[in-house]
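Should a chain be cited, it is by its letter among A, B and C, assigned in written order, with residues numbered from 1 in that chain.
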Amino acid sequence: MAKKSWFLPAILGIVAIAFPPLLGGYFQHVLILMMMWIAMATGWNLLGGYCGQASLGSAAFFGLGAYGAGLLYLHWGISPWWGMIAGPLLAIIVGISIGLITFRLRGGYFTLSMLAVCEAMRIVFLNWVEVTNGPVGVLFPRTWGDQKLPYYYMVLAIAALSLYVVYRLMKSKLGYYFVSIREDQDAAEGLGIPSTKYKIYALIPSAGIIGLAGAFYMNYMAFIEPNVVFPLIISAQMILTVMLGGPGTFWGPALGATIFVLLSELLRAFAGPVIGTVHYLLFALILVLVIMFLPNGIIGDWDKVKGAFRRKKPAYVGGE
Amino acid sequence: MAYLDINHVVRKFGGLVAVNDITVGLEQGEIFGLIGPNGSGKTTLFNAINNYYPANSGEIIFKGIPITRMSTHEICRLGIGRTFQVVKPLRRMTVLENVMAGAFLRTNSATKARDKALEILKFCELMPRKDMPAKDLPIADKKRMEIARSLAGDPELMLLDETAAGLNLVEIEVAMAIVRKIRDSGITCFVVEHVMKFIMGISDRMMCINFGSEIARGTPREIASHPEVIKAYLGEEYAKGK
Amino acid sequence: MAQFGQTVICGLLIGGVYAVIAIGMTLILGVMKIINIGHGHLMMVAMYVCFALFASLGLHPYIGMLVAMPCLFAIGYLLQRYSIHRVRFVDTILPQTQVLLTLALGLVFVELIRVIFKSDYRSAYTPFSSKCLYIGGMSISLPQLVSFGIAMAFVAGLHILLTRTDFGRSIRATAQDLDAAKYMGVDALRVSSLTFGLGMALAAAGGALLLPIFYLFPDIGTPFTIKALIITILGGAGSTVGALSGGLVFGMAESLGAVYWAPGYKDVVGFVIFIIILLFMPGGLKTVIKR
């Protein structure tokens, strides 16, 4: 847990707060997506990167957060803004029940079992029409109409909150225990660490943050349906952003999310009109290359990244 | 009632009986050595005490409390620490962080855990390495770190599994000194070992097992000249020759 | 009563095909010790190959299967040899790097297919697809019966491969103890690459056999990967016999769930089975049968 230089983040923070009002609606939208993915990636990284339990079903928390907000409106006419509390709460409660069962599995089994959970949830939400409205989804008139700026500051706060929560957790006893479980679960047990309990402790903030992003999504997009919030591609993108930036690092997820969103919009703008979904294909390819050649992400494998740019020096250092 | 009571413990793996009805009691404050040829069941017995691979039958009682059905982390909390035959460092954490992970057993504060960890590192003479990532350590230091990690949790009984394996003569002397220091600070030590110099040099009492069963018990001197022990290690002719 | 019998038989027939897919996954799991998250996605590729042959040349999927299987075998072999194997021994922060790579590779194929074929639903419907056999008041789908027969033929063939050939023995040796197998002269990389190819070929067979029954779209793979995983766990990881029995049981349970609970929730039946196994039988059917 090395010391961090706060200069660059501070500058970025000031830019993030001061510049957006100067930009157009489209760019504000991109920034909103960026902040949302920063929060989601950071949340996933807590359970996946730091604690080593890589879940392929974290879209479940996103969807639960979104529906937690949406269903309040659908059934009781309550503003989905209350969902900013209800959504994460729902994600956490369901998450704990899921975790108590799936944490019995390790490694790849756990990863895939979380996908199974998320898929089951998607199917249930699609079919349980009385409760969730099924494929029709939940529609809600947007609070701030066409304005993007208020949403931006809201999601910026969420991203900042998620970074802060992860920062404090990793400095505490919980952080040490999470990494111990990742490094060697059996050794950790031998040190008195009840691994299932602490995996749940990692799951709670992770599900909460991702759920909060989901609740925000409901309020911002004003429309959700099961195939939008629960599909594999959302879970996979959470993993992609973290793997790209650096799993188990603090800034890795944020870096990965930023690159992901920017690249995504660039590709959509240029290649979109030509071949509809080609940017997803490019992402999958990038993910493959990243895992093969930079398996610890840009930040985790920073030495490799630096090495690629260094010009080769002559072998002997003797004279000139 | 002994400090650690192992009563008729049996552990089978399919058809193979790895630990065959072992009964032994450890007294508080002693260093008890367990030897036996490869595959005799020593580590399996440790795994049974610690509940990594629980015993099939038999009882294990520590300080009067039956621990046979407790989970591994509860047993550690009760005061039993353990090192592993094949070291298990928390690889991407530094030495200091590894030991802090052990120290957090008794405290929730990161500052207190850090102070405790530094104290233990001094005790085990590991201070020069404290900021090194555990995966970069040489084997002797990895083993010492594992001891330090367990010590940070204030155990009352330490299970030391093949601490001297892979160490050179100098490192063995250092390890022996540390184990004696541990005992002198009030911690009972149950030591499994192959390296005779190490275990004969520090044990108060010893036991030798082969094929999962006890074959001899006594002081190091008695064990060294026991015909069954010699037969187990060197074969029939040497036992008779003695 | 007839409905019950029909439901059970229908489930068994589909279960047989599920079993073939699951055996592919369990083979890969046994030899390479990883869960292949891209399993269903590569099966989907095979289905599109069969579909393309059907749409352009009118070849029935059972024939197209003979093309798809070698294709997927080759793809699987190349993927393992040149991609997945590369990360096996690399030291990474996240221990599941290999598994995540199978996910990424699977996604590449999904998106590739989506770009080529778009997300529209396709089907390979032939007059044969709706033919039924009528026995004792039950109506049994002929394509499903034939698929089951072919699937069992594959299982039998695989059994012979694993027990009677040197290649099969290398697979079993590598699965039991990699180092010991290496010392015996087994080329681990070659065996794992061939096994991955074999696993993919089996998934391809399963996909081709399912094509006449399901609508085809790029995301169809995910539920099948999950079903294969559940069957693998149900039958005991690495056990081909377990995957077979697990597949049959799974198929029956799904069918009963679809008829007596609700059709839309059919895929959730598997999930319920999954939870039950995790809570009560962590070792899978294998441990129950052994007792």
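Keep this in mind: contacts are C-beta pairs under 8 Å (C-beta built on N, C-alpha and C of every residue); 3 or more make two chains touch, one makes a residue touch a chain.
No experiment lies behind these values; they were computed from the predicted model shown.
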*By number of C-beta pairs in contact, which chain pair leads?*
A-C
*What chain is the most remote from chain A, judged by the mean position of CA atoms in each chain?*
B
*Between chain A and chain B, what's the gap in Å when you average each chain's C-alpha atoms?*
43
*Would you mind pulling out the distance in Å between where the CA atoms of chain A average out and where those of chain C do?*
30
*Distance between the centres, which are taken as Cα means, of chain C and chain B, whole angstrom*: 46
*Would you give the residues of chain C that are in contact with at least 2 other chains, written as numbers and ranges?*
93
_Two-or-more-chain contact residues of chain A, please, as numbers and ranges._
248
_In chain B, residues with contacts to at least two other chains_ = 92
*Would you mind writing out the residues of chain C in touch with chain A in their complex?*
34-35, 37, 83, 86-87, 90, 92-97, 99-101, 103-105, 107-108, 110-112, 114-115, 118, 219, 222-223, 225-226, 229-230, 233, 262, 264-265, 267-268, 270-271, 274-275, 278-279, 282
_Complex contact set, residues of chain A against chain B_ = 1, 171-173, 176-177, 179-180, 183-184, 186-195, 248
*Sort out for me which residues of chain B touch chain A in the complex.*
50, 52, 71-74, 76-77, 81-82, 84, 88-93, 97, 100-102, 104-105, 107-110, 113, 149-150, 153
_Residues of chain A defined as touching chain C within the complex_ = 48-49, 52, 54, 56, 101-102, 104-105, 107-109, 111-113, 115-117, 119-120, 123-124, 126-127, 182, 231-232, 236, 239-240, 243, 246-248, 275-278, 280-281, 283-285, 287-288, 291-292, 295-296, 300
